[in-house]
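Two complexes follow with chain A in common, the first pairing it with chain B and the second with chain C.
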Partner chain A sequence: MAEKQYCIDIKDLAVKFTTMDGVVHAINGVDLKIEKGKTLGLVGETGAGKTTTALSILRLIPNPPGEITSGTIVLEEKNIFEYTEKEMEAIRGKQVSMIFQDPMTSLNPVMTVGDQIAEVIQLHENVDAKGALEKAKEMLEMVGIPGNRAGEYPHQFSGGMKQRVIIAMALVCNPHLLIADEPTTALDVTIQAQVLDLMQKLKEKYGTSMLMITHDLGIVAEVCDEVSIMYAGRIVEHGTLEDIFNRTSHPYTEGLFGSLPNIEKREEELKPIPGLMPDPTNLPAGCPFHPRCVYCQEICKSRVPAQTHLSDTHTVACLAYEEGTGVSLGGKHS
Partner chain B sequence: MHKYVIKRLLMLIPVIVGVSFLVFFIMSLAPGDTARMILGDDAPIEAVEALREELGLNDPVLVRYAHYMLDLLHGDLGTSYKSNRPVFSEIAARFPATFRLSFWGMLFAVALSIPIGIISATRQYSIADSISMVLALLGVATPNFWLGLMLIIAFSLNLRWFPSGGAEGWKSLVLPVITLGTGCMANITRTTRSSMLEVIRQDYIRTAKAKGVSHSKVINKHALKNALIPVVTVIGLQFGALLGGAVLTEAVFAWPGLGTYLVNSIKAKDTPAVLGCVIIFSICFSIVNLGVDLLYAYIDPRIKSKYK
Partner chain C sequence: MSDVLLEVKNLTKYFETPAGTLHAVDGLTFRLERGKTLGVVGESGCGKSTTGRAILRLHEPTSGEVIFEGRDITGISQKEMTRLRTEMQMIFQDPFASLNPRKTVSEIIAEPLRLHKMFKNKKEQEKRVLELMELVGLSERLVNTYPHELDGGRRQRIGIARALAMKPKFIVCDEPVSALDVSIQAQILNLLKNLQKEFGLTYMFITHDLSVVNYFSDEIVVMYLGKVVEHASSEDLFAHPIHPYTKALLSAIPIPSLGARKERILLKGEITSPINPKPGCRFAPRCEYAQPCCFEQSPELKEQEPNHFVSCHFSDKF
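So, the complex of A and B:
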């Protein structure tokens, strides 16, 4: 089998924020890889560190207060931390681009949408202002907005249309990697489907790899090839779609599925995960999930779980899968 | 847009009526006999009576006000009691000096304070930020007349670089412009800084950075225009106030402007002169405000869409 080609390879990434209330350990040793042309879903609750991971890839963590304390992010065979700021500017919007969560606030209110799209083109491609605006109009048509609306301002568009504009902006320079940070969370359900569909189509057309950040497992099932489950700044489980959905291994992942209502079994009670995300300024010792874990044993409170390979594609960070820890998930897994 | 401007200009009428009514009444309540003041303490009582009758000072206040407004409708601001010359020509002779001083004072303030405000905001809590904020505080806290006197001592008396007063040539402008500009500068700097600080934390600034826009362009192109609304408001208010005559600065530098004229007229109970000044000020202030509102529309398309 040919060597797999990775669009991005993140190793041991750690990010902390120094605030008045103490040091927030937002990301604690994250490993992520995305194969060329594939989509990786990054799933977790609010505050798990998903957006921070994404912003790290663009080196846009606000500093101060944020600081990347360790790790490498290899993009097209080069560690981005070795780039100068100027080189990084050339990468943003061209090699890696990002779609943000809230389309209502992500567009500049005093610039026309055409100018905002044309700006990316002019920054990264060798065209004049007029050519850039022409291309911006074509791109608007491609996302389903009439090109003659390029001269309008964001407040003249609906939420769904704004997100289309942002998608157009993100894809216009054919990025190798598209980071989509909860791109549909702020949209109506009917619009969500349209936007996801559009992103899928464009992604296939341009062969873009994608990092899809979401907390919606439905979206993951729809668009992702692989999934990483993130909790308290760590990846707790990673695998293909089948691994995660059919061979769920980590108690947290199990909890996420247990929180979903099932239309087939309405009499069945929802099983929400008890408790809240731990305070990131004061993460628990041992496994960060242990205070909320129904299978928690004494050892979980002191020993940090390592990544255990269940198969070629499936890894999990839980002591129940490590030899000789005595932790058991009630015979459900073997 | 044209409709909006016309509507706003028509609103000047109630403003002028209201302002003149208030000032007319306050002046009539003030103690002192205008006719006696004009003729002097030694004048015979009959002459004072006769002048009072001639000026219509014996009529009820409302009647006098009505007479005044009728004249005003014909564009007549009345005759100064003190100089016996038309108030309009008195004001017209002094307004250009006041405008010149206000304009350059404002330009000086804006040219320095906006860049300083931007630097402060983009390097929040740095040394540059602390220094400019301390200077801004000093600028607000320093009384104009004191600063003017200090500048005169330093640059007129000792160094002899600039004249200490008068309005001859650009050299005489320098010290009054600095004096006047410093107070405004401080306000504009602080407003620019706080408005910029708010804008650079917005999502669309992050979007711009994620597009690969360079830092300086993010600040000067994406952030500045969004941060300008409160800054323009402050500039407009201060410019309007300056056009009303910077009394203290004009006094210190013997500047032949409206501020000094107004104060002297109030002292002499010269009602037509005071009213004339106040009406001109309110018109200036309203026009500057209209200018500010039109600038809003130019800066922010969301505001423009509301001006119908």
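So, the complex of A and C:
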């Protein structure tokens, strides 16, 4: 079998923010890899560190208060922490681009959408203003907006159309990696369906790799190839779609599925995860999930679980899968 | 015999805007039995929140009747309405914006008790507040905290405790879980369900999340641009949707399991403006089956199958 080619390879990334209330340990040793042309879903709840991971890839962590304390991010075989700020600027929008969650606030309200897209082209490609605007119009057509609307301002577009403009802007320089941070959360379901469909088509057309950040496991099932489940700044489970959906192993992942109403069996009781997300300035010792875990044992409160390989594709960070810890998940797993 | 708590007849709410008349809710009719939950679903701007507010007269309805326990409440005086609000309450979407930031948890929950002069002395009032906090799962040590110190889930519990304070019969829940993370969302949904069982509450549950509404409701009303397009029991609606909009809406839900991928109906275009709407079916510009008559005449809501109401000229063909 041929060697797998990775678009991005993150190893042992750690990020902290020093705030007035203490040090926020946003990311604590994250490993992530995305194979070329594939989509990785990064799933977790508010404060899990999903967006911080994404911003680290673009080196957009505001410093201060943020600081990347360890790790490497290898993009196209080069560690991005070795780039100068100038080189980094050439990468953002060209090699890696990002779609933000809120289409209402991520466009410039006093610039026409055509000019905003053309700006990206002119920054990265050797074209004149006229040529850039032409290309911007083509790109608008590609995302289903008539090119003659290029002279309009963001407020003249609806939420779904603004998100299309942002997608056009993100893809116009044909990036190798597209980071989509909750791209459809602010949209209605029928519009969400349109936007996801569009992203999927464009991704296939250009062979772009994608990091899809979401809290919606339904979207993951539809667009992703692999999934990483994140909790309190750590990846607690990683695997292919089949691994995560059909061979769910981590108690947190199990809890996430239990919290979702089943649309086919409406009588089924919801089984919520008890408790709350831990305070990131004061993370619990041992496994960060232990205060909410129904299988928690004494050892979980002090020992940090390592990544256990369940198969070539499936890893989990839970002491129940480590030898000799005595932790058991009630016999339904392993 | 059915025990109807709330009946809404031809409820209409228009807003005058500089651009024309905005038809937020246009001729809504339904009945809600005691102890049941009516889900109202639809996308942004379909008039679902306005409906909830018009029923409680937080927006004065333009026309129509709201019959609560056999009495039309649209004409009654503000004073009487204030008294009636002890029986009809609301839980708001945004637990960040709907709580007074300068009041403590116990003050917020005590507010309705104070306003309606429920208790003669402070001791009894405090006892009731603690009782309510326990009921919604807020620990006693939080009595003197302020909303900004708490997370979204706990804030929503405060909103629920406040709504329950006057022992209402009917609660409008306007997107009560959409601002919350899934694990917290499930906690709040279970809480609302248990409270309903315990106190025989009747809910109107407004949401855009179809899997939540299916889990929660006995009956569902689907709205599009101020009109009801379909109204049926939850089982029926999810098993046999009839209206083309409902079908598209249901097919657009991303299902969190593998192998469940189904044919998705992609709607063309986007929701049109509710300001001075054109005659005809409001969904017609996006409907793949639209015929010339759909653009001319507005379809009536008719009983297509027993207790399954649809508003479409061609409902018998689907």
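One rule holds in what follows: the second predicted complex is superposed on the first by the 334 of 334 C-alpha atoms of A that agree within 3 Å, B and C clash if a C-alpha of one lies under 4 Å from a C-alpha of the other, contacts with A are read in each partner's own complex, and residues count from 1 in each chain.
What we mean here is this: a residue touches a chain if its C-beta (ideal position, glycine included) is under 8 Å from a C-beta of that chain, and two chains touch if they have at least 3 such contacts.
Bear in mind that the values here come from a model prediction, so they are computed numbers and not experimental data.
Asks: With both structures lined up on chain A, is it a clash or a fit for chain B and chain C?
Replies: Taken together on chain A, chain C would fit alongside chain B, as the superposition shows.
Asks: Go through the superposed model and pick first if A:A132 touches only chain B, second if only chain C, both, or neither.
Replies: neither
Asks: May I ask you to decide whether A:C224 touches chain B, chain C, both, or neither, giving the answer as first, second, both or neither?
Replies: Once the two structures are laid over each other on A, A:C224 reaches no partner at all.
Asks: Check the residue A:E269 against both partner chains and state whether it touches chain B (first), chain C (second), both, or neither.
Replies: second
Asks: For the overlaid complexes, name the partner, chain B or chain C, with more touching residues on chain A.
Replies: With both complexes superposed on chain A, more residues of chain A are touched by C.
Asks: Tell me which partner A:D102 touches in the superposition: chain B (first), chain C (second), both or neither.
Replies: First partner only.
Asks: For A:M199, select first, second, both or neither according to whether it touches chain B, chain C, the two together, or no partner.
Replies: neither
Asks: Look across chain B and chain C in the superposition and give the shortest C-alpha distance you find, in Å.
Replies: 11
Asks: Need the overlap of the two footprints on chain A, from chain B and from chain C, as residue ranges.
Replies: Correct list for chain A: none, the interfaces share no residue.
Asks: Which residues of chain C touch chain A once you look at their complex with the stated criterion?
Replies: Touch residues, chain C against chain A: 43-44, 151, 153-154, 181-187, 189-190, 208, 210-212, 214-216, 234-235, 238, 248-249, 251-258, 260-261, 264, 266-267, 270-271.
Asks: Report the residues of chain A in contact with chain B in the complex, numbered from low to high.
Replies: That would be residues 58, 60, 85-86, 89-94, 97-98, 100, 102, 105-111, 119-120, 123-124, 153, 155-156, 166, 169 of chain A.
Asks: In the complex of these two chains, what residues of chain B are touching chain A?
Replies: Touch list, chain B to chain A: 202-204, 206-215, 222, 225-226, 299-302, 305.
Asks: Can you list the chain A residues touching chain C in their complex?
Replies: 45-46, 158-161, 188-194, 196-197, 215-222, 241-242, 245-246, 255-263, 266, 269-274, 276-277
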